[in-house]
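Below are two complexes that have chain A in common, paired first with chain B and then with chain C.
Our next item is the complex of A and B:
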């Protein structure tokens, strides 16, 4: 390849990628611009740049306080903590439930295996609209309404099927020889699984946890239905209040949305190397 | 492992602390739910400081979410003791037994007549009136010297206004605002006999009035509440027809954003009627358990007291429903005057079903998509469709016999098999594996599969909440026969299915196309700034999708969206005028807007999957192909694609299922516009459940149909995939 051709090719590649980046960032930059805009003058603009830049919306949303029995609490901080805890707990619980199941599906033959896999796939096809009310009844009878524990259980159980698909593929990609060698050396099945298989599957587990975290962190329909106490709200429920029927406060919503997005973006940034690795070890095999 | 242990400890600790605090119990407390925001919420907080009874636990719920939240909590003895809501929801709450007689909390003779009527059902009081809300006329005093007495006069002012200033800003597309003009023409949205009122000569006259205003450029097109606020606040509207919330938005720390005053709506010279807005009476309502407690009733009376009304008027400019608490604030007085000349909204449950058809017809006509009469008759038909009596109750005997028979048969088969030695051997060998999966079976079974089964069963029931009965397969018959209408009419199952399939195919094609293209570029052996590109291209995946869906909707706004701005800038640059596109007025453009949003949301996932799959393609195979002189396309088509294909297929399948049920984007971006044509099956199901008289059985039937379709399609694709694999060989 001549240097000129190589140069032209690199130019084309970067050109396409830059167009893609612009496409990917444009709406997000609009949200950011709105969050910092002092005025929302109604005129079409092309460049997402804040007009009359201000930090007022951001400080308003982040600094929100509430009265709790005569005591002023930093409600935004509480809700951020709720979101993070609910997300992390969902990831932890969901992945812990999924790991042994995925391993059994990858390694053992047993009665009901095929049918069980079919049911797992089927749960992904049923729209949530029909199951929301029965779920409410079940949590009611377990006394878990208006608790974060109930919320986490719901999120974790809905995250489990996808997590099982992911992890099963990852376990299948790990050579059986590794465990067998360990078992020959005297390890039990469980011991071999914990000491040999899990460390190898770490990238896939990290990525699966990230997905579970994200789905819980971003969910708001269930959270808005189940939670009755603003001290327990997660951030998306708080955001919902800014876009009411009559008077949407878009600047405040945008400021809140920006803050809500930051932790997930941070996690993606940290996990992006694993993301490829985790999906590569088998991909999302159904 | 140590960081994990630390994390678990923190999780457990944060969990237990609030739980311990909760253990002190709510007994004796009063739980209050409301949808107030801003100054009204602040006024409530001030009031609570002077309340001397039991502690009040307050929860602010978004107005749209309040009624469904009440409906799911109160029947279980959960939820509030007292809640503040609009009176027009009272009829439905009463039917569903979510409210009870307020008893001695209601002070006889203290309220204006409209407010008393609004909370009275069959002679009993089901709410304590707090404040009255309606639209009124905001006048920008810098732009208008003399306020014309009629709407035509306001329209005539348009020519004298500076460039870029509209005469009258209001939500012309919204039946709530349009009702003011409808009333001036002698019409009603809902007749007293529960029939649809927005049809016939009065409705047609009212629409002619608005069409004239739009054609003359007096009123902005496609204005929503936020736009009305923005136009008036930035001095770009001489008049605005809006509610008290606009006054709150105009207030800044340095005084009002524009110089304005408020007065009652003008006359309509054409009919000599006065524009009469709909009146909403915000009331404190008591749940059955709350109404039984004297301290809750005392608290309701406290909220409605003269002192409380004065506080709300002073702090939040709320117009009281009391006769003994006049306000000195000119804006509050103007709204009070308007309230006496307004039409209280009907409390009948049918009212809720009237909004959607009325709004659809109004939007369709104002866009110029249908003749007035035709659209209104269609709206009447739609209303009748939602309000049609539920299917007759059937005896569930047949179903029970079938289920019982199936269970018996299954049990017999199982027992037969259990007798065989091979089966017992299989069970014995399965037991260790079952121990690995038991917990997941339990959790997924109880929290995922059980609700799905119950949901499926719901599809066999019909009738409004509170009066549900078994109807057999009537819901399914109704849906599949398009409720007796033409099979491919707008909103019918079959047309929606076509749109859904088109939506899924186009989206998945774009996801895979964009994902492959960027994935292949990112996986190039030599690429500078690879990490940066990868991070930035993943961003659409990392931002919550309801946020970006709303951002995209904003970008497609006809007058003020960024897409419009871009086309106008392009036009300027080319020296031609490009008319702004009304994105949500035609199926093709609205569908495009939805697809653009969803393609944007979904491509990073396929991109990452592609990069991952490419990582496992051996380099030497590609190099061998290159040495053999294969072109770039040939290498991709005959080497790369077959090698990464198998690991893409499951991702594509899952992506297709998710796209098929992608509720957020359709609901938030186009909202089904125009005329419900861009709705997909799942958003249609949501509408039946939440905006059309809460017909959960009907919505569940949609959900079951979606499930049957998806499982059929995936099974078919699986077969094809397996056949193809068998042909190619392992």
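Our next item is the complex of A and C:
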């Protein structure tokens, strides 16, 4: 191939990729442009570029305070903490329950295994919203309305089935030989699980945790139903308050959306190596 | 001292009988090879002895100690898996040390043993690599190292050479036998390759459909197979089987060819219908031979030739020394030096 042709080919490939990236990023750029635009600025145009650039909305959202019985508290900080705690706890509880379940489903034969899997799958077919009212009543009678614990319990119960299916596939992809080798080497069944299976499944566990975290971190409807104290709000509920019935503050909403997505972006950045491994796991052995 | 005794070991999965009443005794320090076709139960038997599979009935003893219900880790065995089963998240060094760490050995002891085994197997330069960075042959050595480092009473090998290329297979086979002789443990080795079985074994166990067909020294099994299955399975090329009838001191093959019974052939009632087994190496070209052999195909192996053809209507294979074979279409006269007689119904050798 001549240098010219190679250059043309690279040009074409990168051109196509650039168009693809622009297509995917356009809405995000638009939100970013909106977030940095002045309040009285004209509506954004085709090109996502801020008009009357300002950081006012960003500082407003991040610096939001509220009055708490005569005391002024940093409400945004509270809500960010709520979101992070609820997300992390959901991931922890969900994955801790899913790991032993998924392992049992992957390795053992027992009565009701197939039917149990069917039921588990069936629960995935109902939208979580369908159970919002019953959940509200249950949490109310348990005294868990307006608490992070209540929210975590609801989220974990929806995260568990998905996590089980993810992890079962991951455990099935691990050769039984490895566990047997560990048992011959002197480990108990539990020891083989802890020392060999879990470390080998680590990428899959990381991915599953991340998904559980995100499902909780992003969830809006249940949170909006079960929480009515702004101190207990998670970030999606906080965001929604910028868009009311009579008044839509889109610039503040956009600024909030940017801030809210930062932790998730950070997590993905840190976990990307595991993510690639985890998503590819099961395909190739050895 | 670990003599392994199996008492009527049976294994069933639901209605499927995998092992059916296996009795055997393997002397201390012997190299035992379990051989048979795939699905004959040899791997299951190995796994039962290792404790990875529970026996349905019967018992297993190691040196007089009943281990039937013991977990693998309490049996003092080590195993080399067909897939090697190296821990992918550990370096070679940690793979080797794993068993010792679980047994709470002192750090200094572990380091010394790992170093010693690494030197023995010439894998010192690989100690800090992960298994994924090793070739097949290197992985195989690490798997052996992981077994040796623990100094177990019993070594188990489950088709350890099947993932290696043929040249490497021969070298490693010799290494395994040498290692067995040096270490003085009892070894149980599963294979479907009868060359491995013949060359490695002190005690050969031929299995078919979960039943022991014959146990003995390889050469005894080869020379005096207990039944038609063993006769056909052990030896390469496989033994020829022809229908025949015993008449006086000869056996008459289909087509009326009479073969005198060689000396040492057991006396069998005259007139009895039999299956005649003749090993390809037990025939000779001789102008006075009574068996007419029509040549159809000649395979040259260098040191000898395998000649495929027909005796009467039956397919027949003969092996001759030397490197020049007969021509296709030629008819040879053969003398049979040794033959085996089997009961046509039960397949049992007539002795």
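As a working rule, the second predicted complex is superposed on the first by the 266 of 286 C-alpha atoms of A that agree within 3 Å, B and C clash if a C-alpha of one lies under 4 Å from a C-alpha of the other, contacts with A are read in each partner's own complex, and residues count from 1 in each chain.
Keep in mind that, in the parts below, contacts are C-beta pairs under 8 Å (C-beta built on N, C-alpha and C of every residue); 3 or more make two chains touch, one makes a residue touch a chain.
Quick caveat, the model's predicted, so the values are computed rather than measured.
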Chain B versus chain C as contact partner of A:146, first or second or both or neither: first
First, second, both or neither for A:261, with chain B first and chain C second: first
Contacts of A:103 with chain B and chain C, given as first, second, both or neither: first
Touched partner set for A:124, first chain B, second chain C, both or neither: first
Which of chain B and chain C A:175 touches, first, second, both or neither: second
Where chain A meets both chain C and chain B, residue numbers: 286
Interfacial residue positions of chain A with respect to chain C in the complex: 175, 177-178, 180-188, 191, 195-196, 199-200, 202, 286
Contact set on chain A toward chain B in their complex: 10, 13-14, 16-17, 20-21, 23-28, 30-31, 39-46, 48, 67, 69, 81, 85, 88-89, 92, 97-98, 100-101, 103-105, 108-113, 116, 119-127, 129-138, 140, 145-149, 153-154, 156-158, 160-162, 164-165, 169, 189, 214, 217-218, 220, 224-225, 228-232, 236, 239-241, 243-248, 250, 253, 257, 260-261, 264-265, 267-269, 272, 275-280, 282-286
Partner chain A, residues of chain C touching it in the complex: 50-52, 71-73, 77-79, 81-83, 85-89, 98-99, 102-103, 132, 146, 150, 156
